[in-house]
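Here come two complexes built around subunit A, the first alongside subunit B, the second alongside subunit C.
And now, the complex of A and B:
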């Protein structure tokens, strides 16, 4: 026994069998990260319930499965992806579609928007914007504990690249639609790099969809650099079928006086794990981390948040909520680390969950590590049923119990949704959440998969 | 309109109401006074349909129907309104959505179509003016972040929106400064008409300077121990509750 699990061995083999193919389509710089990352992955392995950060999430059912290798998409695959249109009314965005983690070859691989903004393929950007790329790629996605981050670095070859130059405000959000669609079960990994230079201002929407009913496993890593005094929002909307597993690892690096918000809205998905790392790497930075999930049947949704206060006078706020129906399960891990130098830190965390049945289960784990003296920190977690007093208050005005419950659940969810600043998206999310709570299907209209 | 006969109720096995009888006729204002812990709020809770209060004996008849068999929401739609002593904050539920749902449930019950968006907003505007509530409050989540006074004014606003036949105001005056008290009382007086009735539960007499009751009851230890005209309130204000307690204790001893 060498201590590695069989599952881990399987992914080490996958690397060995395909590394030539993967390296062939990537820049030497990206390739230079692969061998060290594989070594790290080999040490850490596929996370199991023995890992503290994955204590409540069992990945085996998705990782211990034979997927078709998918390292180079065919042009015919993209024909389908090109047909995809986001149907959110009045949502005007700069759109990008990723199919199974790859940027379509059909059009230009990088697009220039006004004011020197570039969006497009990560693999292409590694060559065309070598200097900028090499300054940031691989700098923020660091984990001493999570093997999946390293597995991604070892094998991912494409994804989204977004570059906003200094001082530029992009009025329309960038929207990335991640589509998964294949004739066989597939495992895919993609890698995104988002660079918001000093004094820039923009937001990005990432939508995760599954378009065919096969079993899917996605392991993605997104690195985000937010320069001094920049404003950046990321909103992720997840709507996948029950046979899909989505793992997202988002690393947000903030410089001085920058402000970011992250909002993960999980409407539907078999197994979802969102790890969001906020690094407050300069004085006066502010970070807001929100999350909402609605789970039913056997779904499992896990949000892991790590907020690292490394400099003085930074503010962070976490608000994560979950509504769990049937026998669904959920987990929340929220870590706040206040380093010794981070005096004057304000750090808040709240996690509230509603269990609608006796079989649903939620594990909530706050973790505060504080090494500075002048710090204001608070955290609170609740797992419970709907508030009886509030329910009665609504009923006492003539609203029937079923409707009153729905209103309370909607209100509960809206507290997270209301932080989405893009109005058409916020309204759409409210509608989808309402439909989901009513038990109607909340999939976006163009989704062909009959979820549930 | 409302006939309560020998009502006994308990909470968690503890007997709170020990045989209350009371009749409210259309157009009447009844004040229920009494020291803390006498059962005033429990009586309000029973009438509004809270499930944690267990009725052990007695009957409550409302327009000829057995009120105790009706769900809370049905009582509301039949015209009963409870003004809460401690209104509940409901983050994420907007006042507009809350009131629109409630008003339309009431209309459905009466066989009417839902109000159009513009008619509803007009109704909101009219009632806001009537009860002198700050316009901005209606744009917020239900009671969220409201001051004590704002919460109570919001109860009166909701009452105005729903136009009840029988309004039970549970210590609506507690925690109010004199201006807020006046606004609440004015709201009640403006909404008063010959067919609707009020049960005003209060600890202090001062609300009754503004809302003139037809009947005053004193509730003590789960029973109505005294019933008289509005002058009783003044007497209580002057002498406190001790003389009533003494009177009762003397009666028991005798």
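And now, the complex of A and C:
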């Protein structure tokens, strides 16, 4: 990038003005990353449409706006978060609530669960579990092209920390509820670190919500380490209002023979960009990446997936689907990179989209970059409509057109949802998608979380 | 055992020789190296061009100075020094070329060696040829026969003199001078090329063909082809090219523009066999070409077929702008990269009219250290109701040091359109080779068979004579190895 844009300058200034405040609450180790990350950010800047990875997403609408920055949580906010309860029928989880990117508890900042599992605040963990923390933090979130990852490293100070020791299977999933609520427009960032040691097995559900109608900009980075033979699932459910911008960067580092799956379900949101980076860093690793989004009005939803096959005999599979209504726009950018030594790779990728109106627009960019010869890789992408024959078939059996369309769209979406392994959550998602398709879920009024 | 065989075959491939690498000693008229406004004026002066064309060149040159070479392709391109290239080189003219006998015997020999028929009477296949050596067109055959039907087929320079209205009207209408770095450079310094006009309702009775040959050292080749198919006409056009083996890289930056009016059909086939460089990747031609066709009228059709076996670096995207309602665009490609060759090629299909259709079939074959990328854009604009696209891109890998990449872009802005893209990458299955082996087919033949079958879908689209040549080329490029 030649010449920094004005917007980038604005965020550089923001750093200068607040760095003492931010550093004050963080451990020296986290702080040691800030200056180099800022340097990198000032080189890369806020991504614009000129950046290949953001070709179809215009961030200016949200980044070029004066926000009140949220670097310090207020005690009153904590009280607010305490009131928050989450209910999903039959879904029993270990819950964590994040408010505007901070862990809103004063006393019990880290909680111990059975078998030595710890969940809680990232900034607290940096002090209490220094060794483990320093082994992993900042190791996986690397990007040569995306300035936002570095902006997060430079300025974020709290988030969720999860540690699963070797050989532990956690029967109940961990559920993180990310809330954004403020009286003014705010910009907030949070940083998560999830460590699943060797032979462990667990899943995490992350729910993104907005509770007040202000304009919000959230930029988050999640680093995940999955040790040898470990099994790990991450399910992200996004349900935010039309004036919120959510950027998530998830970096999953996998060791030998580990299995992970990632599932991004976007029900609602103004501008959403999910970047998921899968690094298959050991032989025999398997990675599954799924995504579904339903967009309408002026929403824009962008899924970016990068699967890096660095070792032989790994398997990866991607399935991303989108339904676009009204004037909404969507983008998919999937990349499979097979490095020279990664022989015996199996990698698949699929992206299907349905456009419901002429004003909706979908841009899809599936990519294969392959430097090894003993591989089987394929990708497919389609943009189209509901199948006329299928619609006719249903109608000829007495199902009215509206109902038939709903059924087909539901079936289309269900292909992604069926990959959720936690049954109550799967049923809940099916319900939410059905409601969303019927138009009943026009705001985040009802979702997994019964807000209010 | 089979592994060993494969290795042997692969090593044979890398020793495959480029058989068109000879150099002919022809008396040439060259201008000094370098690029400046004077050079642009000198080219124009040498060609005795009218004022408006010089203006076009200067306008392009000035625009080019403001541009930078793009860096987005998945290619490693050594820096190009534009002051080290000769922008114009022509065989010394002999006055009044009346018959074949008047052509420089060296030149004739060159084309005989290449198997290009310049002598009409001896030629049975019925292909009209426009032969371009370095910067100028030296001979166009069957000109008179074609003229009887109203078909204009001549060198670009002749067209400027004889049909200035047509040239003025269409030149730059599909590829404007501001289009891209190399197209702008070409617009400033283009030397010659072919011009073809098929009048209303005429079905061109023979294949038209241009043969490009780079001969001189240090020269760049910048030709320009303009092909106009008027209403209800049909033409099939072929293009072939070779160059001598040299240690330095040579730049080839051409433009091909096609206009298809209502109900017209154009088939454009290329067998590209520029010098690919040696085994170590030294030398070879940089093939940076802008090719674009405009389906201007209703029901028009443009079909691109390309067999890319040569060039050190190939960087081109033959494209179709589907403007007329019900128009059709097709792109069939086989691209082979061996040794250190690189290719970033594909197509752009822009759907503007209603009920427009496009088909893309791309087959990439990589061997040795070759890097082969498919990059394609399918764009459906808002009013392109019922647009339909199908793209299929397959890659075959023939070694563990090569790479195959796919970068499709789908941009869909219309809800009644259907756009599909599919791609696969794999190597030749050992089970397939085993199957052939156990039926008594040697590994080498088996690989040849499989690769041939793999590329058949595209080769079948070529005119007969070319299909045979293309198959042979594939065999030479990857001889006995993998196809």
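By definition in this document, the second predicted complex is superposed on the first by the 437 of 452 C-alpha atoms of A that agree within 3 Å, B and C clash if a C-alpha of one lies under 4 Å from a C-alpha of the other, contacts with A are read in each partner's own complex, and residues count from 1 in each chain.
Just so we're on the same page, a residue touches a chain if its C-beta (ideal position, glycine included) is under 8 Å from a C-beta of that chain, and two chains touch if they have at least 3 such contacts.
Source: prediction; values computed, not measured.
Participant: Should subunit B and subunit C be called a clash or a fit once both complexes are overlaid on subunit A?
Facilitator: They fit: once the shared chain is superposed, the two partners occupy separate space.
Participant: Between subunit B and subunit C, whom does A:414 touch in the aligned arrangement: first, second, both, or neither?
Facilitator: A:414 contacts subunit B only, not subunit C.
Participant: With the two complexes superposed on chain A, say which partner A:17 touches: subunit B (first), subunit C (second), both, or neither.
Facilitator: After superposition on chain A, A:17 lies in contact with neither partner.
Participant: Of the partners subunit B and subunit C, which touch A:374 in the superposed model: first, second, both, neither?
Facilitator: second
Participant: Using the superposition described at the top, determine whether subunit B or subunit C touches more residues of subunit A.
Facilitator: C
Participant: Taking the superposition on A as described, I'd like to know which of subunit B and subunit C A:357 touches: first, second, both or neither.
Facilitator: A:357 sits against subunit C, while subunit B stays out of touch.
Participant: Identify the partner contact of A:43: answer first if only subunit B is touched, second if only subunit C is, both if each is, neither if none is.
Facilitator: A:43: touches no partner chain.
Participant: Rounded to a multiple of 10, tell me what angle the C-alpha centres of subunit B and subunit C make at the one for subunit A, in degrees.
Facilitator: So the C-alpha centres give an angle of 70 degrees.
Participant: Looking at the overlay, does A:423 come into contact with subunit B only (first), subunit C only (second), both, or neither?
Facilitator: Neither: A:423 stays clear of subunit B and subunit C.
Participant: Looking at the superposed set of three chains, what is the minimum CA distance between subunit B and subunit C in Å?
Facilitator: Superposition on chain A places subunit B and subunit C at a least C-alpha distance of 13 Å.
Participant: Touching subunit B and also subunit C: which subunit A residues?
Facilitator: none
Participant: Within their complex, state which residues of subunit A touch subunit B.
Facilitator: Against subunit B, the touching part of subunit A is residues 387, 389-390, 392-401, 403-404, 407-408, 410-415, 418.
Participant: Of all residues in subunit A, which touch subunit C in the complex?
Facilitator: Answer in residue numbers: 52, 56, 340, 343, 353, 355-358, 360-385.
Participant: Under the touch definition given earlier, write down the residues of subunit C that touch subunit A in their complex.
Facilitator: 72, 74, 382, 395, 397-427
Participant: In their complex, what parts of subunit B are in touch with subunit A?
Facilitator: Interface residues on the subunit B side: 48-51, 71-73, 75-77, 81-82, 84, 87-88, 90-93, 97-98, 101-102, 105-106, 109, 141-142, 158, 162.
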